[in-house]
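So, here's a batch of structures to check.
Shared between the two complexes below is chain A, which pairs with chain B and chain C, respectively.
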Partner chain A sequence: MRLKSTLENYIFVLPATFIFLIFYLIPFIWVFQLGMYEWDGILPTKVFVGLGNFKEILLQDRIWWQSMLQAGYITFIALTFQNAIAFLLAWACDREMRLKNFYRVIFFIPPVLSEVVVGLVWQWILDGHYGLLNGWLVKLGFPCLVKNWLSDPTTALTTVAIVHSWKGFGWGFLIFLAGLQTIPRELYEAARVDGANAWSCFKKVTIPLMIPVAVMVAMLTVLGTMQAFVLIIAMTGGGPAYHTQVPVLRILASMRGSSRFGYACAQGISFGVILVVISFIQYRFSKHSRQA
Partner chain B sequence: MSVIATQLRRKKESAWQILRPLAIPAVFLFFIFSLAGCSSGKKAGPATVVTVWHWMTDREPAFQELAKKYEGLTGVRVDFELYAPSDAYSQKVRAAAQGVNLPDVFGILGEKRDFASFVKAGHILNLTPYMEEDEASWKKSFFAKALAVNEFNEGNSYSVKPGIYGVPIDIMTIEMLYNKDLFKQLGLNPNDPPRTFAEFLEIGRKIKAANLQGLVSGWGEVWMIDCLANNYAFNIMGKDKVLKTIKGEVPYTDPDWIQVLTLFKDMQEAGVFSSGLVTMINKNAEQLFANDKAVFAFNGSWCVNVYKGMNPRLSYAAMLPPKASDKYPMSIWGGAGSSFMINGRSKNKEAAVEFLKWLTARDQQVYLSEATMNLPANKECLNKIPEILDEFADDMELSTHPSTWGISESPQVIEALDKGIQSIIIGEKTPQQIAQEVAQVKARELAKQR
Partner chain C sequence: MKTTAYYKTKRITINVFIHLFLIIVAVTCLFPLLWMVASSLKTQEMIFKDMSLLPKEFHFENYYLAWKEGGFGRYFINSLFYTVSVVLGIIVISSLAAYAFSRFRFPGKNLLFFMFMAAMMIPVPGSFVPLYVLLTKLHLRNTALGYILCMINVGLSTSIFLLKTFFDKMPKELEDAARIDGCSKLGIWWNVALPLSKPVLAVVVVFNALNVWNEYVLALIIFDSKPLMPLQVALMTFQGEFITRYPLLMAGLTITALPIIIVYLLMQKYIVKGVTAGAVVG
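Take a look at the complex of A and B:
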């Protein structure tokens, strides 16, 4: 009877296990295995290079580390600028204000738009010759600020980072808003009875209770932004030169441009390890902040 | 607690009583459907169906029309399946190659190295016997340069068995184009394009003074930079020295290579280039040129159809990139634009060969050329093509293509060179610095080969 019950349980688990094996575990093992080969993705034969690909990434691939730093810079802008805007807007929408539902919808429009479309529209807005931004700068009397925003190495990365923040702040807004709505109103009322003004309420009630939410938003922002690439392809293609290259673009370049599938897999694994380490640090920080 | 546990167990048991008759068949069906999903998906149908995969969005209606005509003539159905954009197509073909389920006919996008890998993996049929039939009549119908792109010669560096492995459908050349109306606006003769590099730079200065946009091209996609850089490398140092560089016998720090790189710096300083050129995709470049917003374009002969669609009144002409040296002739990239290959494992090999023979025959090539404004691969129909295409065809003799060199430069070196030229254009690095950087990448790649 017990054996039968166990068997029945396994039968129920089998489809999920099957899917997990086929779509998660086997591809993961295969990618790890491919990372140790030199393979062009077409020939049936692969050349075993051991940890050679990983060594090349670590010691010789300067562009890979440059792309990592650039992704870090975009992530830094997203963590600060994007999340600050998301929080402030969520805080504003959480208060009693007119048309707050309208604003909630408006702020969530950018994230649901296609990244390619957003990239192309912003490329058009930021175009050096016929772009709306430069047109407005001239009309407003600032012709000295006119630039080729996406082709100038001094502005390309920051411009891409700001557009990415514009595209992504809606997610943070939504999560922050949900977090703000879970704070019991009684806490604010009690604080006011005790003589707290709006700033004190914000500092002593809102901010401490929102820390776990902020940590979660930060984790999602880091993971999402480090892996961003569609918007960048649409806006700059990773140029000028290597100035807007990010890790996923380098992986694509290894796979499509150089036909180095093994090396691309090794890059993917290295990148995955870095993301896991970052997530782990954030998780520890989140745990610590919750305990505090 | 125990009461709750008992109730839960009872509920679980009663749910199980209901679900049990369904559970085993459900799991069984899941496996059946999973296995069915993994099957080849081939359906019973007419006697012969030739499946063709391609990426050419602009040629799809013409291909469908020809397929209909072919079925009417022979009873053989040809299914053209379009997968666009080209990046997605390329991935699909590679994935199909890995899964050994390529269609009967397909095209390969990529370098000769990739083409060679497909051949060596047995995915492509050697067409030499078919080409040589009837006193090589099929082979003779093509432009030699179009066929050369699909050919592997004796002793090729890819270790591929010599032979012809692809059928050119159309051909292309990549040249400079200039806008005749903007030439007039600059006070230049619209029928006298610049022939020397000094004249070209002089026009660049005029463009800058008139606050117009100069050359536009898809240099954000980098391979077109490589194309112009190679044109000038051939002009300055000749083919042999370029090939010696690829073999590693001449360094990229050679003065001739530095001269090639310096040309880009000179063009930038003179005002030849449009602003934003280094991140421009070719579609945007085509829009700017077609709408009279740029004086020059660097584009392939496929652009004739694109410009016609964007602005039928555009007045322009093709010209060779102005010569920077008199030592060697100016070369441009040209040869097969698009080719089809036959799956070496296909059951419909013979039918596919017959279809491609028909598709590349004179009448079908004229139809394709008229419908898509591309240069035909069949040289017998050149007298039937539009005037602007004729200008591109005239320079076919000067064309060369990396696929015909018998040796390929490493993609990492190409990337370093192309990105380096972008750095020169944006004024970030000097030609000497880029030459050093490219030489370092080349040394690393050569060390790997050893």
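Take a look at the complex of A and C:
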């Protein structure tokens, strides 16, 4: 009877475990094995190269490290510009006022759209010859500002980063707003009674109570933005001349472009390790900030 | 002594600035989408000259052309089929597992649950490489089934987490009563637990539906043949092949974005819940 009951329990978790095993765990383990081979993905024979792939990544693959820096740059813009806007909007919406729901609904439209849609629409707006932005710049009398936004190496990366922020700020906004709404109104009233003005209320009540939320948003922003790449495929495809390449795009290129499956896995592992280290540092930092 | 009028003017001024800021951002959010729709209604000749947001004539035939000739009708059906199949799969599989994790006791339960949660937090960039190899070996590459199973796996951990959290808070009395009446475990799950968890099921459905509809990279590496492609991959392929046919491309983009926007506007309450819950997990 007991045995039958336990077996019955396993039936509940069997389908989930089965799918998880095949489509998550096996690929996860396989990455580490494949990373030590040179393999084109088709031939039955793989050549064992040990840590050769990792050595190549560390010492020779300059585009890989360039792509890492570029992802870092996009992440930096997302952390500062995008999150600052998200926080300001949340703070502006955290009061009794008209149209509050309207704003909230609108701000979250870019995040629900796919990266392909967002990327292609912005690519059309930013088109060097027929794009709306350049058309407006001419009309408004600034023809000197007209640029090939996405094919000029000096502007491409920043343009991509700003579109990324456009797509992402609504998400930070929602989390910040949820955080602000958990601050008890009595705290503000008490501060008012003690003679605090709006600015010192903001500095002494809002900011300290929002630090844990901000740290969490920062962590998720870093992990998400470092791994973002579909938007870039849709806008520039990684060009001009590698100027908007990011790590996951390089992994995809190693796999599909140069058919080096082992090398792609090794890149995946190196990147995964870097991400885990970053999130560990941030985790320690957030624990520290919570105790302080 | 400052008068009440002074404070009133000050408050109104602040409010005006706040609204101005919010409205500018809201317009920035909406404008690219309006431009997309406007561009989809222009002709091939007009689109490079006419910068107006409201074209003089609406060329709705672009939608017909995109749907028929561009093949977006086919891709739309594909996306719909994948989305519905994956969401149904996730609901059944994750609610079964989450119910067991919440209610039953069995050896290995904690380890198993820990694995699902760890999968949610450990980033595995480039896991699509071995996944591609695996699907090729299983003869699941370039098949709808292969893609559906992969996407079920993608949504599984978060859905199990959301459902288990909900089941943990749900009172057990109704289930106890059903058990005394002789209902089997599976019967209780189906007849009692699932109907009671409708609010969280809505979150799971909407969250996963958006995810599958918008998914790109797995579909890119799994499908070679055009008739199987979902919208996101088809849009990129179309853009690569007909780089200057902007009106049709914009019509295709509108066809892709519109269902998402409608679902979002109808179900935004659940999406907001999903986002805030998802953030807490991370």
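We adopt the following convention: the second predicted complex is superposed on the first by the 270 of 292 C-alpha atoms of A that agree within 3 Å, B and C clash if a C-alpha of one lies under 4 Å from a C-alpha of the other, contacts with A are read in each partner's own complex, and residues count from 1 in each chain.
By our rule, a residue touches a chain if its C-beta (ideal position, glycine included) is under 8 Å from a C-beta of that chain, and two chains touch if they have at least 3 such contacts.
This structure is a prediction, so every number in the text was calculated from the model and none was measured.
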Room on chain A for both chain B and chain C (clash or fit): clash
Contacts of A:Arg185 with chain B and chain C, given as first, second, both or neither: neither
Chain B or chain C, by number of chain A residues touched: C
Chain B versus chain C as contact partner of A:Pro44, first or second or both or neither: first
First (chain B), second (chain C), both or neither touched by A:Leu113: second
Partner chain(s) touched by A:Lys4 [first = chain B, second = chain C, both, neither]: neither
Partner chain in contact with A:Leu150 - chain B first, chain C second, else both or neither: first
First, second, both or neither for A:Phe12, with chain B first and chain C second: both
Which of chain B and chain C A:Met216 touches, first, second, both or neither: second
Partner chain in contact with A:Tyr24 - chain B first, chain C second, else both or neither: second
Superposition clash, chain C against chain B - the stretch among 58-66, 148-156, 220-228 or 256-264 that is involved: 220-228
Chain A residues contacted in one complex by chain B, in the other by chain C: 8, 11-12, 15, 41, 129-130, 256
Residues of chain A touching chain C in the complex: 6, 8-13, 15-17, 19-20, 22-28, 30-31, 34, 41, 85, 88-89, 92-93, 97, 99, 102-110, 112-118, 120-122, 124-125, 129-130, 132, 135-136, 139, 166, 170-171, 174-175, 178, 216-217, 219-220, 223, 227, 229-230, 233-234, 247-248, 251-252, 255-256, 261, 264-265, 267-269, 271-272, 275-276, 279
In the complex, chain A residues that touch chain B: 8, 11-12, 14-15, 18, 40-44, 60, 123, 127-130, 148, 150-153, 156, 235-237, 239-242, 253, 256-259
Contact set on chain C toward chain A in their complex: 15, 18-19, 21-22, 25-26, 28-30, 32-33, 35-36, 39, 47-48, 51, 92-94, 96-97, 99-101, 104-107, 109, 112, 115-116, 119, 122-134, 149-150, 152-153, 156, 160, 185-186, 189, 210, 213-214, 216-217, 221, 232, 235-236, 239, 246, 249-250, 253, 256-257, 260-261, 264-265, 268, 271-272, 275-276, 279, 282
Interfacial residue positions of chain B with respect to chain A in the complex: 16, 20, 23-24, 27, 30, 34, 87, 90-91, 94, 97-98, 110-111, 113-114, 117-118, 120-121, 123, 213, 220-222, 274-279, 281, 284, 293, 410-412, 415, 419-420, 422-423, 425-426, 428, 444
